[in-house]
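Two complexes, one shared chain (chain A), two partners (chain B, chain C).
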Partner chain A sequence: MSVRDLRGAKRHWVLFGCLIWLTFALFPLYWVAITSLKSPVDVVGGPTYLPFVDFQPTLKAWTELFSGIRGEFFSNFWSSTIVALSASVIATIIGSMAAYALVRFTFRVRLMSGITFFVVAMGGFLFGREVLGIGPATASIIAFCIALALSIFINRFKLPGPVLGNDDIVFWFVSQRLFPPIVVAFALFLLYTEMGKLGFRMTDTYFGLTLAYVAFSLPIVIWLMRDFIASLPLDVEEAAMVDNVPTWRIFFGIVLPMSKPGLIATFVITLAFVWNEFLFALFLTNSKWQTLPILVAGQNSQRGDEWWAISAAALVAIVPMVIIAGLLGRMMRSGLLMGAVK
Partner chain B sequence: MTNIRLKNIEKSYGDVQVIPPLDLEIEDGEFVVLVGPSGCGKSTTLRMIAGLETTSAGKVFIGDRDVTDLRPGLRDCAMVFQSYALYPHMTVKENIGYGMKVRGVDKKIAAEAVANAARVLNLTDYLHRKPAALSGGQRQRVAIGRAIVRDPEVFLFDEPLSNLDAKLRVEMRVEIKQLHRRLKTTMVYVTHDQVEAMTMADRVVVLNAGIIEQAADPITLYEFPVNKFVASFIGAPSMNMLEGKLSGTGDDLVFESDAGASFPIPKSRIPALAEFSGERFSLGIRPEHTSENADVGPKIQIKVIDVEPLGPHTLLIGEVGGEKFTAQFSSRSRPQPDDMVDVYVNSGEVHFFRESDGRAVR
Partner chain C sequence: MTREDPVKHFFLWPAVLVVLAIAIFPLIFSLANSFMSLRLVPPRPSKFVGFENYIDLLGNERFWQVVKTTSLISFTSVAFQFVIGFAIALALVKKVRGADFFRVSFLLPMLVAPVAVALVAKQILNPSMGPLNQVTTFFGFPNLPFLTDSTWALGSLIAVEIWQWTPFVILLLLAGLQGLPDDVYEAAELENASPWRQFWGITFPMMLPISVAVIFIRIVESFKIIDTVFVMTGGGPGIATETLSLFAYQEGFKKFNLGYTSALSFLFLIVVLIISLVYLAILKPYLERYK
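Right after this comes the complex of A and B.
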C-alpha cells in the first residue's frame, strides 16, 4: 500500500504529519536566518520570532561579517570554495578510476606481502630514527618507499598464507574511515610539520589541505562508485573493446558518462564532507587557508556567544551547499542507461 | 583470406570444463551458425573467437594470424550482442561513428561511412536520437551499423535477434542474410533457435555440452542427422522417437516398439540394419513424414491428446504407449482429443538410432 492510495481523512492526517515534520526540519534554518538579523539586545532578551513584529531587523551582523571585522571572511570563503571543489573533483576522478579497476580487474594481494609492508615500513622507520638518527619525515618516507617496492616485488611469488581479493582491498580502503578522525588529523599534523622542517611547507597550504581531504574522501568515493560501476552493463564495454577502443578511452568516454548520476551523487557527498569538515582544517591551517567552519566556530570563542554573528556566518556556510544540491540534484536521477541494453 | 580456425580450443572455469577440446574451421565468406541448447557453450566459443574470453588451451587463427593471445581490439572482428550494447549517452550517429572517431579516421570519410550504413539499415531518420528513444529493432540495427562501419574481417553475432518479437525477427533475419550476400564477409552467428539456424546458415554447427555433434549445411542436417541429439534438435515440431528393438532376419526385419507397435523395415534400409538384429534402437519419425493416407506406408496407432490446426496442415499431439508422438495430417481431417487414430508413416524417411551410442545407422 502506498500513501498515494490513501483517501479522505487518512490522507489529511498523513499530510498533517508531514507538515509537522517539515516545520520541525525547517525551523532551525529559520531560526538561524532571523537570528542573523537581530541586534544583540533582541537576542539576549528572550525569544522573538517574527521580524518587524517581534523585533526590528538589522543588517549589523552581516555588514560586520563582510567588512572583515570578524575574521577574514572573503579569504575563508575563497579557500573553502577552492579547496572543497578541487578536493572533491580530484577525489571523485581518482576514486572512480580505483573503483573501475576494482570492479573490472582481479587483484590478488598476498597477506604475507601486506605484513611485509607493515613490518618493513615500521621497522625501517624505527631503524632510521633510533639507529641512524635521521629525521622522522625522511625516515618514514624512505622506509615507506622501500616497503612499498619490496611488498609489490614479493607479491609476485607464491608466498604462504591467504590471498586477498578485490573485496578485501575495498574493505581495507573503507576501514581507513573507521579510525577516529582526530587520530588521523593529529598524525597528519605531525607529518606535515616534519615535512615543513624538510622544506616542503604543507601546513596552511592549498596543497597540504587538499591532499589531506582527497586522501580522506577516497574510501567513501571508492565505496560508492564501486556499486555504481558494478551495475553498468559489461556488454557495452565489451562492444568497445572489440571495436579496439583503448582502455583509458573506454573509461573516460563510456564508463564515466554512463555513471554520471553516480558521479554527481558522489561528488556532492564528497563536496559536502569537505565543505563542512572542521577537524582537519583546524589542525592543518592557521591563517591563509582557513575554511568557513573555522570562521563559524571562531565567532564563538573571540567575544563570547555572539549568536547574531554566528548565525550570519553559519548561513553563509549553508547556502552554497543548498544551491549545489539544488542544481545537481536533478542530474543525480538515474535512467541514463536507458537504451544501452534491452 | 579470412577463414577462422579453432584448433583444439578448450575452456574451463576452475575445475568445470565448459568446452572440451574443440576443432572448427570456418571458410572465407562463410555464414556459420552455432546452434544448441542453452548453456551448451555457444557464447563462450564465440567470445573466444572475439577475444573477450581467453582460451584455456588451443589456438585461434583468423586468416593466417594466430590471434590466441591478441586482445579483442586487434583481432579485427565486429560483434553484435544480444543486448545491443549501445552507448546510451551517444546519438545513433555517434554510436555508429565512435569506433572510427577513436581510430582517428578522417572526419569526412567517417561521416560518409555512417551515412551509408544508416541508409542501408534504414536509420537515416533516427541519426540524432539517443538509443533510449528507439525501438528494439532500430536499436539492433544501430548495433549492426556499428559493426558494418568497422569493415571487419569477421562478423560475430551473439543471439542478436532474441530480444525482438517474432515478426521483426523474421524481417531482421532477411536483412542480415542480405547483408552477408552483399558484404561476403565471414560471419559467425550464435542462436538457440534452430529455425534461425536453418534459414540463415551456409553451414550449421550443432553444439551440445561444448561438443560439436554435427556440422553441415541445413538440408543435410535435416535429412541425415548423425545422431539422436541432432535429429531431435533440428526440425520443428521435433522428431518423434519410439524406443524398441530390431528383430527378425532378412526381409522380415522389423522394429518392435516397447509400446507394442511393430514396424516393418523398408527394403532399402535392410542391408545396413540387418547386422543389428536383436539390438535396441530408437525409431525417429518426423511429424511431416506422417499422414492419414493409407498408401504412404506402415501404420502406427496413436491416442490423440490435442489437435493443433495450423492452417496448411493440422498437428495431432498424441501418444503411443506412453511416449509422445506428433503427427501431421492434412487440415481436412478433424480428429478429436481422445480418439484413437491410425497414422501412416512414410517409411523411406525414417531414421534409426542405436540406443547404445545414439548414432544413426543408414
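Right after this comes the complex of A and C.
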C-alpha cells in the first residue's frame, strides 16, 4: 500500500461518489437494453424498470428488426462491419509504416515546397476551371498531380525558408484533427460527385467510404504508433542490420510483431472511431453502403415514438463496441497497453 | 538513431498521399469555392466574388448566434468533464474499493455511437414517458420541457456531452496520475502536509501539462459536435441549439449553397484556431512556471 492510497472514513465517501457516477454512466445503457424488450403497451404506459416484475419482456422488437421491416438492417450492419474492419486494418498498417519511417529515418521537407503545393493546387484548379473551362473533377486531378510533382521536384533544391523535420511532419499529420470534419466532408462529397460524372463512382461505394475513413484515422494512428515504436529496443533491429536484412523485412518481420500490443490498441481505437462515425457516412453514402449510425439516426424520424424498435436498433450499434471495451479493459489490466495509452 | 535508406519513402508516402488527396486537397478545393458564388439548386454559373461570402456571413446574426451556442456547449461541458474526470481519476488511482471494475465500466460511454446516445437520451428525457420525468414529478415538477425549451435543451445537450466524454478525460488523466513518482508524496507525508495541500502543491502542478492537453483536445473535438444535436433537437427549438457543424450542414446539404457553405466552413476553422491560440497563450505562463 503506497502513501497515496486512501485511508479511514474517506474511503467510504469516495466509494459512494464512484457509485453515484456509475449509476449515471450505466443507467442509460440499462434503460436502452430493457426498453428493447418491452411491448408497445409497456412503453407508453409510463416508465417501468424491472423485467418480469414491472413488465413482461418480449422479443417482438428484435424479431421485427431481424425480419427487415425496420429498414435494410442486415445490409447496413454488413457495410458497417466491412468498412470499419477494413478501414482500421489499412489505416493501422499504413500508419505504422509511416510512424516507423518517422522514428527511424530523417526526412527534410522545405516549407517552400509545401507552400508551392498549396498555391499550385489551388491556382491550378481555379485556372483550369475559370480560364480553360475544364470540368471541376478533371481540373482538380490535373492540379493535384502537377502540384505534387512540382513540390517534390523543387524540394531537391536549396530554397530559402526553414526546413521542416520529422517532428513537423508528425505535427502536420496530427493537425488534421483540428479541422472541423464538415469542412472536408462537404468538399469530399462534391469531389466524389464530380468523379462520378467522369465514370469513377465514388459516392456510396465501398472504396470511397473506406478511403475517407483511412485518411481520417491516420493522424491518430501515426500519433499513437510513433510513441510506441520509439519505445521499442533498438538492438534487435541493429543485429538484423548487421546481417544485411532489408528494411522492409526488418519492419514486417521484427518491428510489427514486437509492437503487437500497440497495434491492437491502435486498431481498437480506430475501429471504435470508424464504427461510430456519422458525418462522413451521412455525406458519402445514400443506400447500398449506408452504415449503422445512419440507420439508427433514421429510426428517429421514421418511427416517431416507437421506442422499443428504436432501442433495438440502437443496441445493435452499441453492443459490438461494449464487447470491445471489455476486451480493452482486460488488456489494460494485464498491462498489455502499458506505454500505448500515454 | 536515424539511418539512411531510400526505402524510407515507401514507408512514409502511402500515408502522406492518402492524407494529401482525401484531407488536404478537399480543403484547398473548398477554400477555392469559398471565393465564388456557386449554387447547385437552382444551378447558377460560378462567378468569382472575392470575400463577398465571408462579409455576408460576418453580418449574419445567425452565424454569431451559432458561434455562441457552440462555444457555450463546448466550454461548459468540457469544464464539467474535467472536474468530474479529475476527481474520478484521483479516486481510481488511490485504489478505491472495486477500482478495477470501475475502470472498465467508466470507459463504456465513450465507445457508444453518439447517434445511439442521442436516441437513448431522447427516451430518458421524454417529458411524459421518460424515467427522468418520473423523478422530477416526484419532486413536484411534472412534464419539464427538456428538449423543447431553449435553456433546457441546451442543458440536456451539455449533460449528454458530459456523460459521453468524461470517460476520455478519466482515461488520460489516470494514465498521467499513474506516472507520478511516489517519493514526492512520501516527503510530503513526512512534513505532515494535509491531503488538500498535497493536491494543490504536488498533484495539480505536476498534472498541469497533461491537463492542458486533455482540455485542448476536448474543446477542439466538442466544437465539431453535430450528431448528438442532429438527432436530439435538430437544432431546435428554432435555432436555439444549432451548432456550427449543423448550420454548415443545413446551408450545404439542404440549400446547396456551395460557395457560402465553404466560406462558413473556413470561418468555423478560423474560430477554432483563434480559440486554440488564445487558450494556449493564456496557459503558457503557468506551464512555464511549473516546468
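Convention: the second predicted complex is superposed on the first by the 299 of 342 C-alpha atoms of A that agree within 3 Å, B and C clash if a C-alpha of one lies under 4 Å from a C-alpha of the other, contacts with A are read in each partner's own complex, and residues count from 1 in each chain.
Simple rule for what comes next: a residue touches a chain if its C-beta (ideal position, glycine included) is under 8 Å from a C-beta of that chain, and two chains touch if they have at least 3 such contacts.
Note that the coordinates shown come from a computational prediction; the quantities given were computed from them, not determined experimentally.
S.K.: For A:249, select first, second, both or neither according to whether it touches chain B, chain C, the two together, or no partner.
M.R.: The first partner, chain B, only.
S.K.: Scan A:258 for contacts with chain B and chain C and give back first, second, both or neither.
M.R.: A:258 sits against chain B, while chain C stays out of touch.
S.K.: With both complexes overlaid on chain A, does A:130 touch chain B (first), chain C (second), both or neither?
M.R.: After superposition on chain A, A:130 lies in contact with chain C alone.
S.K.: Just chain B (first), just chain C (second), both, or neither: which does A:40 touch?
M.R.: Neither partner.
S.K.: I'd like to know which partner A:17 touches here: chain B for first, chain C for second, both or neither.
M.R.: The second partner, chain C, only.
S.K.: By the touch definition at the top of the document, which applies to A:239: first (chain B), second (chain C), both, or neither?
M.R.: A:239 contacts chain B only, not chain C.
S.K.: Spot which of chain B and chain C makes contact with more residues of chain A, would you?
M.R.: C
S.K.: Using the superposition on chain A described above, determine whether A:57 touches chain B (first), chain C (second), both, or neither.
M.R.: In the superposition, A:57 touches no partner, neither chain B nor chain C.
S.K.: Taking the two structures together, which residues of chain A meet both chain B and chain C?
M.R.: Residues 241, 246, 341-342, which sit in both footprints.
S.K.: Quick one: which bits of chain A touch chain B in the complex? Just the residue numbers, please.
M.R.: Counting only chain A, the residues touching chain B are 233, 235-236, 238-246, 249, 253-254, 257-258, 260, 336-342.
S.K.: Okay, in this complex, where on chain A does chain C touch?
M.R.: Contacts found on chain A: 1-6, 11, 14-15, 17-18, 21-22, 24-29, 31-32, 35, 43-44, 46-47, 49, 94-95, 97-98, 100-102, 104-107, 117-118, 121-122, 125-126, 129-130, 140, 144, 148, 169, 173, 176-184, 186-188, 190-191, 211-212, 214-216, 218-219, 222, 234, 241, 246-248, 251, 272, 275-276, 278-279, 283, 292-293, 296-297, 299-300, 305, 307, 310-311, 314-315, 317-318, 321-322, 324-326, 328-329, 332-333, 341-342.
S.K.: In the complex of these two chains, what residues of chain C are touching chain A?
M.R.: The contact residues of chain C facing chain A are 1-5, 7-12, 14-16, 18-23, 25-33, 46, 48, 84, 87-88, 91-98, 100, 102-109, 111-117, 119-124, 126, 129-131, 133-134, 163, 167, 171-172, 175, 182, 185-186, 189, 220-221, 223-224, 226-227, 230-231, 244-245, 248-249, 252-253, 258, 261-262, 265-266, 268-269, 272-273, 276.
S.K.: Under the definition above, what is the set of chain B residues touching chain A in their complex?
M.R.: On the chain B side, the touching residues are 50-52, 71-75, 77-79, 81, 83-89, 98-99, 102-103, 130-134, 136, 139, 143, 146, 150, 156, 163.
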